[in-house]
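Each of the two complexes below includes subunit A, the first together with subunit B, the second together with subunit C.
Moving on to the complex of A and B:
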């Protein structure tokens, strides 16, 4: 029982980070119908930026997010202005062209990191990296708790922006129906640029937080990209609560599978991938789609 | 004959180039032959990938899995006493089986979703190959002594490249190729017209997997040593995808041009340390430039250049153009 509680708590803590990492993808997908493959590269770059700030100026990784996130917001807007906006727009779904273009961006970012920092494995060591606090008879790592708190704060912040401000309403309007939003006077191009900036900033926050938990190389981020993609598919691609739910589901499945089965840790990434394929095949609408389907069946009865 | 040439303008340079490749061992130095071998290998990979990724439009980033299956089968069986040549069909058969096993779930996904799933497949295969014991783990495996015969291997690789090109060109002109084309353009419309899309995709996947696996087997015999880092490498998957994209997807000549370009790039990359450290810049930059300016690659660019002349004339009204064609 005690083990169960601890595993469940750890899953919850991981889910916060997973959600932060996935919202960046989800916002960009919602507004532009683009799957941002460069997300992984941006997370990696943010991890290095955090590391560099820590190494050079002794800045705490969590404090450095105050610098890194806005910087990546600008970087995202710049990426949009130079590359993304020239892509032909497809109403139906994400185009192969946009996917491959962003794949190219990812490769360039990787090489940038190799060129600046070399290929060695890096990690950030803070005084609290190895600390843990006793909780309900088990122990929870301090970095994990901090990551969870920051994730929740950032998600609450994003939710407030999306619900309360004109910008947020415009983003949601473009997500729901681009043409109708434009007819109502929303500047869809501008909104797309801002959304790409927000998505990039969230990738950066996720990257900063990942750097406090994991060691990284310029190759870092591929498995987290797959996880984030799995989560937004689980969450039905566009809904805010859906993504949070998807993050919880993936985190719980991963943690419980490694705690209660003998699947080796190196195969853990296969869980998210298997889940991704199963969900895409069995329930293309994700959890919300599944819910609607069940709901309809119950009502029909 | 002239009609044939008009329909296939690349036939004459193609035949000349094939003759050059086949006669090269007579006059060329070993270093040059190595480069040509590598080029033929790339032609096999690019053209085989193009069958599924180009014609059918199902972009897969996990093709190094098939190279690896072919290579590992050859090395493992050769170490068990088989002749390397006899291992090639076994590797191809295993690759076909794997392609179907992977294709059955993933082909239910469309476009970009399929592509992302294939990144996962490639990752999974590499992790598993590094973890298994009989594959020698991450340190890899060596071929038994006395299996190395460069000239035979060279002819086999060039022959495989020509076979691949002929097969793809033949398929393109027949119902199967048209079915793949229809799937790329509009999968729902293709289904409505009676194309069994999953079956067609699975067949294309299987054919290209078999060709790539045979190439992988020859790769293992030629290099005498393989490891997950060499055959399951993400860079190899990347090169396989980039060659047809840069050359021109869904064409016969595109992947060949891409293979020429990338085998040249590879020689340059290996020769210079600064270039080797920036290969991702080059690959990523190429991808960005092609996607922004000419998604049809070199072939598209060429067609645009050729097309400049007729386009200067006034465009006929749509109705007339229809009747004319």
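Moving on to the complex of A and C:
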């Protein structure tokens, strides 16, 4: 029982980070209907930026997010203005052009990192990296707790912006019906630029936080991108609560699988990939789609 | 000065031409209707005027200014507002949010609360549904919400694409009565309709669009008694 509680808590802590990492993809997909394949590269770059700030100036990785996140917001807007905006629009889903372009951006970022920092594994050591606090008879890592708190704060912040401000409402409007938003006077290009900035800033926050938990190289981020794919497919691509639920489901499955079965931790990626395939085959609409289907069945009776 | 002048526009979807050399105009304060069968190019013409599509040829003038190819948000700022077909609300936002976001432009935002009062007075049902998600509204309520959202932008010319689509006759009458009231408040109206009979009854002037070409135009009184219109749209050929 005690083991169960600790595993559940660890799943919850992981889910916060997973959600932060996935919202960046979801916001961009919602507004532009493109999948940001460069997401992993941006997370990696943010991890290095956090490391550099820590190495040079001794800045705490969590405090460095105050610099890194806004800087990446600007970087995202710049990427949009120079590259993304020229992509042909497709209402149906991500175009081949957009996938190729963003995959290319990822490769460029990766090789840039190799050129600047080399291929050695880096990690950030803080006074609390190895600390943990006793909780209900088990122990929870201090970095994990900090990551969870910052994740929740960033998600609450994003949700407030989306619900309360004109800009946030415009982002939701473009996501739900782009034509209607344009006909109401929303400048769709400007909203897309802001959304790409927000998505990039969330990738950066996830990257900064990941750097406090894991060691990284320029190849870092791939398996987390896969997890994020799995989460937004599970969450139904554009719903805020859906993504949070998707993050919870994946985190719980991963943690319980490694705690209660003999599947080695190194096979964790296989779990998210299997889940992704199962969801795509069995419930392409994700959890919200499944919910609607059940709802309709009940109504039909 | 005319409210709207459309001069010889050709519009394409990729390589397929949907609108051929269409010209018409709207005087300030008028109700003008563009009627025709399904697929005649009415919606395409309207989306082009609203800036969602660019004409390959021809010009569009709004209040004397050439606005051809201008993006929708600039047109909305100038008072050229379109209420799209099939309502197209934001389903996961409340009715209130849908209406408020209609007043997105700088000028409209200043007048927001006053305009909201006028809209809720015109459609009291929207007040009751205020905190419901727009996706849960009935067809008639959705149409009222869509028209209300259009009004929130503070239009000088309001263009509506098939507001009667899928509505019961009683609701159609209600929506058309609302259009009359909107017009009486000084808003010029351009109405696209398949419901030819009722559209011609409401409007001052009408234009008939057939497979992308403008074929007939004139005062609605004359159009309603025109044998060609009767035969094609009013189902009175046998009489």
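In the analysis below, the second predicted complex is superposed on the first by the 301 of 301 C-alpha atoms of A that agree within 3 Å, B and C clash if a C-alpha of one lies under 4 Å from a C-alpha of the other, contacts with A are read in each partner's own complex, and residues count from 1 in each chain.
Operating definition for what follows: a residue touches a chain if its C-beta (ideal position, glycine included) is under 8 Å from a C-beta of that chain, and two chains touch if they have at least 3 such contacts.
Computed from a predicted model, the values in this text were never measured in an experiment.
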item: Subunit C versus subunit B on the shared subunit A, clash or fit after superposition; value: fit
item: Touching partner for A:111 - first (subunit B), second (subunit C), both, neither; value: first
item: Inter-centroid angle subunit B-subunit A-subunit C after superposition on A [Cα, multiple of 10°]; value: 90
item: Subunit B versus subunit C as contact partner of A:176, first or second or both or neither; value: second
item: Contacts of A:186 with subunit B and subunit C, given as first, second, both or neither; value: second
item: Partner chain(s) touched by A:166 [first = subunit B, second = subunit C, both, neither]; value: second
item: First, second, both or neither for A:79, with subunit B first and subunit C second; value: neither
item: Contacts of A:232 with subunit B and subunit C, given as first, second, both or neither; value: neither
item: Touched partner set for A:204, first subunit B, second subunit C, both or neither; value: neither
item: Nearest-approach distance, in Å, of subunit C Cα atoms to those of subunit B in the combined model; value: 8
item: Interface residues, subunit A side, partner subunit C - complex; value: 166, 169-170, 172-173, 176-177, 179-189, 239
item: In the complex with subunit A, residue positions of subunit C that touch it; value: 50-52, 71-73, 76-77, 81-84, 88-93, 97, 100-102, 104-105, 108-109, 149, 152-153
item: Subunit A partner contacts - residues on subunit B that touch it in the complex; value: 57, 59, 105-106, 108-113, 115-117, 119-121, 123-124, 127-128, 131, 238, 245, 277-281, 283-288, 291-292, 295
item: Residues on subunit A engaged by subunit B in the complex (per definition of touch); value: 35, 37, 83, 86-87, 93-101, 103-112, 114-115, 222-223, 225-226, 229, 233, 264, 266-267, 269-270, 272-273, 276-277, 280-281
